[in-house]
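What follows is a pair of complexes built around chain A, which joins chain B in one and chain C in the other.
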Partner chain A sequence: MSLSRSEVSRRRRPRWRVRTVLPLLLGLALLIWIMLPLVPVLLWSAAGAWRAPDVLPSSWTADAALSLAEPEVLMAGVRSLGLGLSVAVTATVLGGLAAFGLRGPTPGGSPASTRLIGFVMLTPLAVPPFALVMGSNVLLLGARAPSFLGVLIVLTVTALPYTTYMFVTALASYEDRFEAVARTLGASPAQVVLKVRLGLLMPAIARAGFLAFLVGWSDYITTVLIGGGQFITLPLLLGSAASSTGGEQLTAALSLAMIVPPVVLLILLARRGARGRTSS
Partner chain B sequence: MLTAAPAVILVLLVLGAALIMVGLQSLGLMPVFGEPQLSLNAWADSTSLLESAGVSVYIATLSTVLSAGLGLLIAVYALTAGRGGRLVAAVSAATIPIPHLVASGAIGLLLADAGFLARLFGMPEGFPQLVATQWWTAVILEFAWKESAFVALVILGSISRSAMALSETASTLGASAWQRFCHVILPLARLPLVVSGLVVFVYTLGSYESPWLLGPLAPEPLSVRAVRLFGSTQLSARPEAMATALTSVVIAVLAIAVGLLLVRRSGDRS
Partner chain C sequence: MSSQLSFSGISHRFGAQEVLTNISLEAPEGSCVALLGASGSGKSTLLRIAAGLERPSAGRVLMDGEDVSEVNAEKRETALVFQQPLLFPHLSVVDNVAFSSRMAGHSRAAAHRHACEYLELVQLAGYARRMPGQLSGGQEQRVALARALARQPRILLLDEPFSSLDLPLREDMYELLETIREQLRPTIVLVTHDRREASVLAESIAVLDHGEILQHGGVAQLHHQPASRAVNRILGGLNEVPGVVRGGAHHSPLGRVPVPADTAEGPALLVPRQESLCLTAVEGAQALGRVTQVRASGAHSLVRVALDRGPEQDQEQAAVAVEVTGSPELRPGDITGVALQNPSGWTVTR
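And now, the complex of A and B:
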């Protein structure tokens, strides 16, 4: 005990500081990196006049937010929602079925053919969307498919790798014994599928459906090329606002209109997931 | 096996037919008007096609490296920094549903001349031009912003449980934070890092919105070139658009082959 108390604290303090301040600074830097791009969007969406050197808008207005209530924008929102939900339904159902089919061992299915199917379901990831759209466009035009159906088909193919592998990972830890128990307790086959299987797979269904919804909700290039500018969704309005000069307010308002619904959906899913875990 | 049939048939039909159509049209065998005639005209302007391919590979490579580095940083911070780490992980995950088109618009508002960042710094004389530069700065930053969150999510999703337990054990055995990072987290994160990096590379290679909104007018990456030619009224443009599209598919497939080799090697090591 030859060191006085002040000497001890002098020795300790620098280490203590570096150890707490450095992680704090890194965390702050990461938060700034993640949040900074959203700040001008929020500011512009409510900005009236905002001239060049000013850091903040000089006046505020709800004009941009109100412009979202125009019939043209509302219809685009309805179309985007319809497209997102349609892709969610088709890609989730087809992906779920595909994942069940990939689940070995099955009668008549060899490991090689299972691997081949798994490979085929991943191939859409390797083809850039614009190439897929350009190739299928001629066929869809030839088949005189309505543009909504054409966009839906192409986007379903784009979303299938995600939904399929969401179900493949969920089924890897799936317990068949629950279904067997339900059957021995007298459940009909329909009850087993509806109550046991769908119930147990609900988190995977929600995740897969959410991802597929995002594919339809946020698509730009497929809707532009196949829809030919006739099928106007929110991304198309946003694309034209963002590529024109002086469209900052509208760009910001449309951006928020595109961000809010999926983020709300994500939070709802996360809360339901958390509740499901605590109740089980 | 049978239940997979609808999905497999749909993928094979749409993807197969699309690729065949792209190939036939790039060779002049399916003209919009007139007689089909085999020609390599669409491939003749190889300097322009190669230049576009170079731009695309440049953007995809830098975007992948930045996303992987930042994504790993976010994941490591989330795993090691307690409550602050959980906050960073949650905020980062919340940006995942933001579409690339929205992110491109936001990065435009942030980085443009007289954009929000320049205003924050008081618009100094020498503030660098970031949007529409020959270095594709804003485009690469947009990809890095969106995809680093994706990389972090994949890493956290696959290793958070094992990494937490193992790093606690290492810590009780006296390992420093740096040792835990090098000998516990990094080896565990290698596989998800390579896989997510591969997904990012292929995605950014084929992405249109960001280079279209934030890139210079020339030279064009493959996606922008293909879409411009596809929409052109000139008859000769259609086969060139298809040749451009096919080039992007070839590069993507090559990248995936290389990536899978890396995955296999890192799988062997761990």
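And now, the complex of A and C:
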């Protein structure tokens, strides 16, 4: 017995609904899972008093939010931003170069040596951060490296596996013939790198840079141990506020201040990526 | 502006493997020469050498007689279109087409104006602001063609540019290329493994096999006067009838077929194309045979016939393929007559 077109369409409709609705529900559940822990943080940041078993704070205040504008906090924010951006730039450049080096057999090298170098580059992921930092600390103290430089060096090493991996993944599908086309269209070697290679790798650069920024922006252990308490960043202030009693409001406000820049950066990158795919 | 392109004694090696051997070939100004061959025959390597993307191990590339072998790709004034359009995904359509102008130092506005002329030529003027991901396969290849033409190359190099397109789109692209040739008269070197594409687009075809040019000549010449069995097969010829050339004619189960006067006497294969043969009535037929297979192929059918041995005792068994219009009322086992439509034939000895 054959089905009419309308019958076929009616029978297909439920499956179409499931295919549409299920991802939406899963996406919503994921969003709630991510956002739910932020609700108490948001409430604490504006709470005057909030005692158990109250569901909501009994009074509200802007003191914690205003304390974010204090010079000590602003300077810590600037240092964090500077550290995050410095780690992002350094680790992204080095990760890109490392990935290009790992891409194929290096001159005089072999695939086996390439794999070995790749393994060595990823080892910081396997070494506990505390052990890495303690070892580095001895070396950097001996070298009398300035605290910012010391923190930057160690965090760059920490971020390097992430950035290298991002570029290795991007280069696996990189089409060299784009560069060949560019050359026949009159692009010099420098123009090929600037106008074609960088353009094609921009999504990987953005992803690698973002991850490396997060490493620098949110680091605590390295900054405490290598910086020796001289280099105060937002995570250090946050740690200090969290360890003191009665500092929940400031802790919550600092937490929000820590979240905002990466989220803004992520939105900007996502918008730029979407714009790149759809129009000039 | 177009130029004459010449390859003179080009050889090329990848490590120990020689991929091109002593290639000499000319593409006259404004002509379209097709390099026809199977995968691995070296045709794309030859194109990369023409573009300056590979330096040949030996030999010279000449443009209007000037040796450009040492000139880098970006200075060589050629443009290359690959099988994949390879539009820069981070640039809009107009920025892709304006790429060469921008690299030459022109302002963005001037480069866009120039690019729009070529987008108009490929009938995609309305797509300038789109990103490559928003185009269909055929549109992408048109943009790739416009981008190459906007470079105003002396030589346009096409590396199987239409083989990833489906048949109707390919026909559209053939028409477009015809229009471009009428308007711009570029010198084109086309690499393809599709003999039909080579025949439709090019004035002459160079057949490459294992890094060597087996024959270079006009389209009709290559189809009807191949230099060897290999060329005959690469050009789609299905027939090789063994026999002997004697007294200005080829003697085989197909009968006595006159051949050109300068044909050497001795054993030779007659290579009539399947389109040049016809089936005839049994009475008074030039040759007789038994149908072994009838295969329909759209508006045509291919009939394979095992020919009866001729009157001469030493004649070998032979079979021919005959292309006929429509669907013949023949079945395997039927007896049919076979005849050449042309008064003379062509033979090869190797």
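One rule holds in what follows: the second predicted complex is superposed on the first by the 241 of 280 C-alpha atoms of A that agree within 3 Å, B and C clash if a C-alpha of one lies under 4 Å from a C-alpha of the other, contacts with A are read in each partner's own complex, and residues count from 1 in each chain.
Here, a residue touches a chain if its C-beta (ideal position, glycine included) is under 8 Å from a C-beta of that chain, and two chains touch if they have at least 3 such contacts.
Quick caveat, the model's predicted, so the values are computed rather than measured.
Once the two complexes are laid over each other on the shared chain, residue contacts for A:Ala180 go to chain C alone; chain B is not touched. Of the two partner chains placed around the shared chain by superposition, neither chain B nor chain C is touched by A:Pro57.
Once chain A of one complex is fitted onto chain A of the other, the partner contacts of A:Trp33 are limited to chain B, with no touch recorded for chain C.
Ranked by how many residues of chain A each touches, chain B and chain C are led by B.
Look at A:Ser188: by the touch rule set out above, it reaches chain C but stays clear of chain B.
Touch criterion met: A:Ile153 reaches chain B, while chain C stays clear of it. Those residues of chain B that touch chain A in the complex are listed here as 1-8, 10-12, 14-15, 17-22, 25, 30, 70, 73-74, 77, 80-81, 84-85, 87-88, 91-92, 94-110, 114-117, 119-120, 122-123, 145, 149, 199, 202, 205-209, 212-213, 222-223, 226-227, 230, 241-242, 245-246, 248-249, 252-253, 256. Contact residues of chain A toward chain B in the complex are 23-24, 26-27, 30-31, 33-41, 43-44, 52-55, 94-95, 97-102, 106, 108-109, 113-114, 117, 120-121, 123-136, 138-139, 153-154, 156-157, 160, 164, 210, 214, 217-218, 220-221, 225, 235, 238-239, 241-243, 248, 251-252, 255, 258-259, 262-263, 265-266. Chain A makes touch with chain C in their complex at residues 175, 177-178, 180-188, 191, 195-196, 199-200, 202, 276-280. On the side of chain C, the complex with chain A involves touching residues 48, 51-53, 72-76, 78-80, 82, 84, 86, 88-92, 94-95, 99-100, 102-104, 129-131, 133-134, 147-148, 151, 153, 157.
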